[in-house]
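These notes open a run of structures that come right after.
Next come two complexes, and both contain chain A; in the first it sits with chain B, in the second with chain C.
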Partner chain A sequence: MIGSSRTPSGRPGPTSANPDLALAYAADDGSFAVYNDYSSGHETIRPGSEAEGSRDVVATWRRTSDAWRVRPAAPVEAVEGYGVFTFPYGPISMGVPESGRFDVRTYGERILALSPVAGYKSRRILSSVCGQTVSDAALRIERLAGNFSAAHVAAFLSAAESATGASVARGELWVRALAQELQRIYNHIHVIARVAEAASQNVGTAQAHALAEEMLRVQGSVFGHRWLFGALLTSGPRRRLDPAERRALGGTLKRHAEAFERLWELFLGSRTFVDRIQSTCVVAPSVARDWGAVGPTLRACGIAWDDRLRVPTSPYTDLFLDLPQESSGDALARLLVRAHEVRASFLLIEQLLDRWPVTPEALEAPPSSLASSRGLGRVESPSGDLVYDVTVSRDRVVSIGMRSASQANFPVFALGLRDGVFTDFHFAWESFGLVFAEVDG
Partner chain B sequence: MPTWIGQAVRNGIVTTRYPEVPASESEIPPTGRPPVPTQGPNSLRAGVSLCPVGAISERAVDQGKCIRCARCLPGGFEFLGPVEAAVLTRSALAAEESPGALSRPIPPLAPLSRSLHVFLVDAGSCNACNLEVLALTNPLYDSQRLGIFFTNSPRHADVLLVVGVPTDEMVEPLRRAYDALPAPKAVVAVGVCAISGGAFAGIEGLHDSLDQLLPVDVYVPGCPPAPVNVLDGLLRATGRGRRT
Partner chain C sequence: MTVNIAGVVLTASVAAFFVGALGSFIDRRIGYLASSAGSVGLLAVAVTVIVGGSVTGATWFGPLGASEGLSLDALSAFFVLVASIVWTATSLYSLAYDDRRSPLLAVTYSLALGSIALLMSASDQVLFLIGWETMTLASYGMILQAHGRGDRVYSAAFVFLAFGEASTLFVFLAVAGFWVGTGTFTFGPHLGPGSLATLVFVAGLIGFGLKMGIVPFHMSEWLPIAHSSAPSNASAVLSATLTLAGAYGLFRIVSLLSSPPLWWGAVMLGIGAISALLGALFASVSEHTKGLPAYSTIENNGLILVALGVALLAESDGLTALAVFAVFAALYQALAHAVAKTGLFLSAGYIEHTSHTFDLNSIDGSVKEGSPGEYAGTIAAVLSLAASPPLAGFVSEWMILESLFQSYRFGQSWVQFVGLLSGAAVALAAGLILVAMVKFAGFSILWKPHASTPAKRTPGLGAVVAAVGTIVVAVGVLAPWVLRFLAPSASAVLGANVSAPVGSLLSVPADWSILSGSPFGIMSPPMIPIALLVGATVGAGYYLLGRPRPRRRVKLWMAGSPPGEPGQTYTSFAYSTGIRVMMSSVLGTREVRESQGPVAVAGVHAGEPYSVDLEVFDSFKLFYAALVRIGNAISDALKAWIMPGRLGRYLAYVLVVVVAVVVYVAAAY
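Coming up: the complex of A and B.
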């Protein structure tokens, strides 16, 4: 995912930073590669790896004259012939409210090839935080992708803490988990609503959006901010998590969990909805593995990888987490996985609230060191494995790299739609939960 | 057997009565209101060094820059400003008399006193502003009851609603979208990224304010503004905003 912060033209890359971060690598021309290696247990972090040409490079994001494009490492057969043309979809379209583009190769309805084009909304965030204090940098990191803010800040802070050796109070780790699980529930319900919208399920869409809105209100009432900006920072808005407030939160979430079950039962009972998303944009397990898919996209292909189970950190080490997989790899499977995860997250929050740590801990700040030290932070964001690689010196960010779930999953989405029809586009797009902001950085 | 109709009846009416009645606490989290100094000039003096984006001066808080991070609260600020914080000029967001200045009645933009068709453009957002704007169509806000509709084509729109800090790459698409709107038209800047660059002000390759690129008619502060804040901005364009 990440690489050097500057392209030859002197402009920052989509995600800048550590030239030696193996998770992604920027070549001299500014391209950068996405790595994954499931054969060795999905060890995506392998400092010192060689870049392109390595068997583990699954796709590159390449700078062209006007933007970044996904280019698969394996050659993709070019399709030519009478009536075959390419049309750009985006960067502004209401179907995909974020700014980004897809170059669609087609001869009519059938999609022969799809090339996502990113970079329209690159805010150069990672390069911009180099030199800032960790707490100032966090203000920009949480705004890298607003709907995944808790995951990004948690991964960033955990990388910085691992670099400096700072200990974190147990209560703060529980707050981070609570915020992330709330945001996961919101995102999954939002994705379900967007897929339903694409399928013209008007009543279901309205009700799913209403429930997603209720989750934003919960976040606003607990953390003072609907998108959890500042929620993980001690300087952020006041949290409402005293015992009575935690009890009230538990009651509210119980009602929302029941409302979700009723809603999901209705969706599964709608033949038109299920028919529309079944067999749409299928990702085979081998494709998911070879191309480095993560998150619900990966688990919908029957591959059981979730950072909360495979590389657990506190408090997940103390909690029960049940994560069933699906195997068909289609849009329906991705939604079924998300629905399972909504349930699992409600259950995780119930456990967190029941066993909330009560004793405040006095922690010693580590001595501020002049020497640079490097740390990695990794969390399961709503769309999958998210990794930060941060080097810190005297509480300032020296360099930073990041590999987001969207960066990993975009190539798989593009492949899954090959040979599909354009009417599948929106079901497929929404079912992946991809975010251009997370690619552009 | 559960049915969609049964579920709808069970849920009852969920739509807000805003702007007929004030926004409720659940509709507006603390950060949906601008921070105001609670100890006058002392707060402002203390706030200058606390604010990470330079929104606080010894004279006032520039709401067009405030990212609602809460760092100034220990210096004597509270999120107590009005929900109705949208204004028609950039300077009004930094007025010394704020927050009172934010709640003055606003005359309608002459040609837009009835229904609005809105075309949304993301010029470089984190996605939160987009999602707050699109939330207006969910049943809890139901912007259509107020004559506010989202359209898929700029050709059918009266309002270009822009979120995000404009990147170099989005300048041209943004201008083309603006040109495609038929006259009369208005531009509404939603979120401090579009107003001042917000948390990203000063980064090379970004345009710190939309009004350097397009004529902005309504400014809606916040990071992001909550749906009722956005509703207030759109209603103010029509002169129908709630008076505080």
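Coming up: the complex of A and C.
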């Protein structure tokens, strides 16, 4: 049990939708809110109805068909003054390649307030999985955001399994972990490349993109798909993980790890690069805590929180995981955390490959009692805590809710960039690794 | 008996303004029509003088017993020519612009024009002083006629009067010094080098510089606010011709002081460069449709001073060719600025009529939907003031920069250094004023969405602006011929016959190019439109003869919304905030926030709504604030000492005065 049935103020929370799930609480209007109570060392679910306007909570669930938009820290219209106007930045423009927009409140140069606006391109993936079998639903879920496909499917499957009470073979959990760690490495290198691109580090950018591409090829060679589509389903493409293939994979990853170290050393040696991201878009620990920041964004503020350690599941319970942490909360700190996590993930994969479960017991799922209920699954995606809330009946999804890392971090990004200058936008934006697709659903 | 027709026209033209002032009490149109007629008459006389030589009008015996009257030489004729072009435009414009019930604007307007005409055509310094003072008083009256008179207008008018009277005081001092040195008030004898000449120079520089708004007399409460607070036709007169009167005074002083020491030129150059830079800087961050051009006036007057400074330095150093070129540059700058600035102020008046605002941030598209003539005229004026080729402002700025490029020719290294720094300041000013002018045009007529309500059209206003724009283009394109025309005026400044710096370049027809130095740089303004025309013809031919391409029309789109939604329009203020931030050390940029109270979203502190203001500050105000404090303290002390409210003390004063008069009369007779 990792949660509290009482609100931080001590008052009892609203009626739980599922008394068996300590993590899930429904507000009166059906919305959910997930907060991490970092100070107490364990998470607490705070019902959204605790304060007025529960729809306005930062990390609102994206449920099946709820209208949803990223909530700004405060409406941009709250800042008035002579010459102040709202500059719509995006969608699909230089610096905002996705179909999302930022309303920038400014009098020129300085960003007085920032409001992310999502919802331009909703593919209605969440609502489309209702009525689908769990494995069919997973094939859609993984397309929510290709960069984070492994994390989304792992969280979704975990929630569905929690709902039905289904057991999973230990070996399958290791496969999920391998896929997630590979994708984490790719994502972090990709983010570093994007930040370098924003800082016009052209040679470094090309090398980082090349290394990220190598990681995609590794994923493709192991799981049959470079974006890991179908990789986490037992009915998916064949996984090339026999002993010889694991050894070859280990060797390849070792070379890539060395290449990354050389590349990162080059980046840190570039004063131009470091100067552009140092002190840029600083997120104070109090802001990160109050607004429910997750992932590298949170850890860059000095708060060591990671689902893999705080909510450990196999195989993370059996492996050593170094948890990096920085304190300055700026773009540089976020990148330092990511770089350290790349190393940590290489190390994790090395452990995974060394201790790969091969016994028959590990490859078979223990007996389970199928039920029809609601479950919550959460994993540490490359950008942070990812939570799924799924109700399943007869192996079909009845309803689904999701809180992605991007949803949690968008308001923090908006707050961090307040009083920044517009030229900092790209460094800040890329350093968060935010994805509109994770918000639009 | 030969009739001096030009003299008669000169006298009649000057008189027409004063007659017009009286006639305005009957109908304000009489004042404007008389001013138009007077301006056209002066224009004709000025051309006659520049081409054919001096003209003398009415003469009489003045209050000091000496003969005085109206006359024009090649130097004063140049300034009268420039002023009369401006006045012809503003007077015709005023017929459509002035819709006030009160005739006072027309009365003060005509009086101001008459005063400036009087001082520019005065044959002696006493009449010049009379014209100078009446110009100040009439202009004070003009500013008071602004719409919606309030504290701001009264304050602006009062500050204008205070600075104007300070100017008169220093000009009086210069005239007195000249009289002591030469024993006459006529504009003829030269004053030789010495401390008296230095006194005349310094007093003249301060007196005329005050009217031109140069540093340190540039602060916003003075020229920019005073000029921008006046009605638009008056603003044009103030900014284009009242400051021109100051420039005329400086030119006249320079022409009457022989063998100037090196430091005179250096001081003029340095002050001019700083004035140009600060004027351009404050113009670039101004949001007022008339405040921005007013600051630009400071920049342009600074440039006149720069050119004149280079001319003095070159003359002191024996660099005759450079001195000649710099004098031509100064004259051209005065001409280009006066004409283009008139266009800009008249355009601001048009904007006021159609949009009912002076705020660049608040102008809607009604101006754009107004008159095509106003549109074209404004663009021409703006481009000229931004020194875009081939317009008048480009020619003059090119000439000034060419002069500064040659500062390496000066004999002493410290003078070279002053020239170098001034060149950098002028170049920076050129860049900043480009920002200001793009802002003016962009946020008044170019980038605005269409108005929701039909624009109010005022017939006549646009036509005048278009005519001024045409002159701006002509003065630029025909620069080599204009320079040749101005040769007599330049000769009058230098006291020697000089020819225009024009010559030939490669296959460009003879005398179509301007040469700087011997030669240093070369440029042909007439070839620029020809090259543009050829390019446009080739482009059009390629387009017309090429394969027709399918044309796709789409609706404008801004982030998924129709463009120009309320609150999403880029503001004029934002356009120049970069400069406010980058130049914060000079502008004293300061952000003032006023919290509206904390707001919580779902119980989480969500930042505070606030109002924000980004202010700039002219640090020279501190000097004037200190001056005012000291002045008030002295005034209070004197008041307490001299006027204690005791009858006995006052009777004693009367007694002392009576005794002094008796002693004086007894001694005299």
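Here is the rule we use: the second predicted complex is superposed on the first by the 353 of 441 C-alpha atoms of A that agree within 3 Å, B and C clash if a C-alpha of one lies under 4 Å from a C-alpha of the other, contacts with A are read in each partner's own complex, and residues count from 1 in each chain.
Simple rule for what comes next: contacts are C-beta pairs under 8 Å (C-beta built on N, C-alpha and C of every residue); 3 or more make two chains touch, one makes a residue touch a chain.
From a predicted model like this one, the values you see are computed outputs, not experimental measurements.
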Given the touch rule stated above, what does A:144 touch, chain B (first), chain C (second), both, or neither? first
Just chain B (first), just chain C (second), both, or neither: which does A:155 touch? neither
Figure out whether A:417 sits in contact with chain B (first) or chain C (second), or with both, or with neither. neither
Looking at A:85, would you say it contacts chain B, chain C, both, or neither? Reply first, second, both or neither. second
Look at A:94 in the shared chain and tell me whether it touches chain B only, chain C only, both, or neither; answer first, second, both or neither. first
Quick one: chain B or chain C, who's touching more of chain A? B
Touching A:134, do we find chain B (first), chain C (second), both, or neither? neither
Looking at A:120 after the superposition, I want to know if it touches chain B, chain C, both of them or none. Which is it: first, second, both, neither? both
Where on chain A do the contacts with chain B and the contacts with chain C coincide? 91, 120
Of all residues in chain B, which touch chain A in the complex? 1-5, 7-8, 11, 14, 25-32, 52, 67-71, 73, 79, 119-132, 134-135, 137-140, 150-152, 164-165, 167, 169-170, 173, 177, 198-200, 203-206, 223-224, 226
Residue set of chain C touching chain A in the complex reads 287, 361, 558-561, 567-578, 580-581, 596, 599-614
Flag every residue of chain A that touches chain B in the complex, lowest number first. 11-12, 66-67, 91-95, 97-99, 119-125, 128, 136, 139-140, 143-147, 149, 190, 203-204, 206-207, 209-210, 212-213, 216-217, 220-221, 224-227, 229-230, 235-238, 262-263, 265-266, 269, 435, 437
What part of chain A is in contact with chain C in the complex they form? 33, 48, 50-54, 56-58, 71, 73-75, 77-91, 101, 106-110, 112-113, 120, 290-291, 415, 418
